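Residue numbering begins at 1 within each chain, and the chains themselves are lettered A, B, C, D and E in the order written.
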Amino acid sequence: MQIAKVRGTVVSTQKDPSLRGVKLLLLQLVDEEGRILSEYEVAADIVGAGVDEWVLVSRGSAARQILGNEQRPIDAAVVAIIDTVHVEDRLIYSKKNQYR
Amino acid sequence: MQIAKVRGTVVSTQKDPSLRGVKLLLLQLVDEEGRILSEYEVAADIVGAGVDEWVLVSRGSAARQILGNEQRPIDAAVVAIIDTVHVEDRLIYSKKNQYR
Amino acid sequence: MQIAKVRGTVVSTQKDPSLRGVKLLLLQLVDEEGRILSEYEVAADIVGAGVDEWVLVSRGSAARQILGNEQRPIDAAVVAIIDTVHVEDRLIYSKKNQYR
Amino acid sequence: MQIAKVRGTVVSTQKDPSLRGVKLLLLQLVDEEGRILSEYEVAADIVGAGVDEWVLVSRGSAARQILGNEQRPIDAAVVAIIDTVHVEDRLIYSKKNQYR
Amino acid sequence: MQIAKVRGTVVSTQKDPSLRGVKLLLLQLVDEEGRILSEYEVAADIVGAGVDEWVLVSRGSAARQILGNEQRPIDAAVVAIIDTVHVEDRLIYSKKNQYR
């Protein structure tokens, strides 16, 4: 999985019928030091992530292992909202500090 | 999924029989600020996207989760025509403005 | 799918038994302006493509959606020989012109 | 598979229910000379790897071939803790030397 | 598939039980002109490839299409030992010449 920051949303009316009601978030990938990368992903969200939160994104067939997504033509999904990222003894990210 | 702009079409007569009748679009990927990237994808289209429209493209086995594509040897499909892309409070793309 | 040009062949005697009789082509990827890229792919061919022809290559599990390939350990296959590539109004490639 | 070094952990409370109890490690990829690369992966761990150990990480659907992971939305898993890496006659890495 | 040169081995004791008895080779990818690239892959080997030989490596779910690998968490496998690589009329590689 990759660490990503929720940046925005993508809205579509004309789409594969199975995508109705699926929230699509625009995520920007984050490196292991917490820097925003230029790579992005549009991912289906079922965990209710909000803008600026850090999340884990799964790509490929993993995105369809989520209840309800099994037959959707999606190749990326938010699978977790991140509380903390530790690299060795350093706290790289904490959701609590972020929103304090 | 990645955001892409429809640029053109690819036509083939001699091909895997399962691809007969499948429209193949040449898409160019777009970054999160709306800039056209050099990366492209040839994708099966079932939503009826036209040149210059922005779409969502799914890659890998996701492309075969679309009704009728289940057994086609395709690794990319247009799954949605994009109405709007928002990054935080900014409107990066709006189909309506594009065609006004 | 990616656009690729057939450049050569790869021959192997000692291989997974399921690969016997499978023609393996060396393809070099082509960008959306028709330029040859440094990226290449060795792909199973069932459509009978020849050197210098432009083809569509599918990668990943898509390569095994072709009749006879279902259980072969291949991650790339030629799925179509390209007749024409159009980008907006420009004809980027035409098989007919190529061989005239 | 890629060689990676365990660097830290990612913790999440709000996540896909199937991920409860799954340990998520932050791995940084290592090249064939043993140099740490900038590319990283957050991977499910079932082999009990610790910080600084070198591991093998499998990506894509392979991550779900591990007992218990079959239906989890994960696209990367630690599948082995590495004892040694040899390139020709040179010993690039030895777990024993690392911890002596 | 990609062309790769066998460079070494990776040994592990503590691993997913299904990987017992699987030989893991360190491969370095080769470009279409025969130059060694910096990209590498650790792949399961069932064809008995030796150091310095050129092989074809399949990645992703293709690696599990080999008899015995179906349920192993591997994302790369050696599927063939290469005899020759031809690019147009040039012989880029010949196993026979290599070992003469």
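As a working rule, a residue touches a chain if its C-beta (ideal position, glycine included) is under 8 Å from a C-beta of that chain, and two chains touch if they have at least 3 such contacts.
Small disclaimer: the values here were computed from a predicted structure and weren't measured.
Q: I'd like the Å distance between the centres of subunit B and subunit D, where a centre is the mean of that chain's Cα atoms.
A: Averaging C-alpha atoms per chain gives centres 34 Å apart.
Q: Let me have the rounded angstrom distance from the C-alpha centre of subunit D over to the C-alpha centre of subunit E, please.
A: Distance between chain centres, rounded to whole Å: 21 Å.
Q: Identify all positions of subunit B at which a residue touches two or more other chains, and write them in rising order.
A: Subunit B, residues with two or more chain partners: 60-61, 63-64.
Q: Edges wherever two chains touch, nodes for the chains themselves; is that graph a line, a ring, a star, complete, or other here?
A: Shape of the chain contacts: a ring, since each chain touches exactly two and the loop closes.
Q: Follow the ring of contacts from subunit A in the direction of subunit B and write out the chains one by one.
A: A, B, C, E, D
Q: Which residues of subunit A touch subunit B in their complex?
A: 7-16, 18-19, 24, 26, 28, 38, 40-43, 51, 60-61, 63-64, 71-76
Q: Can you list the subunit B residues touching subunit A in their complex?
A: It comes out as residues 1-3, 31-32, 46-48, 56, 58-66, 77, 79-88, 92.
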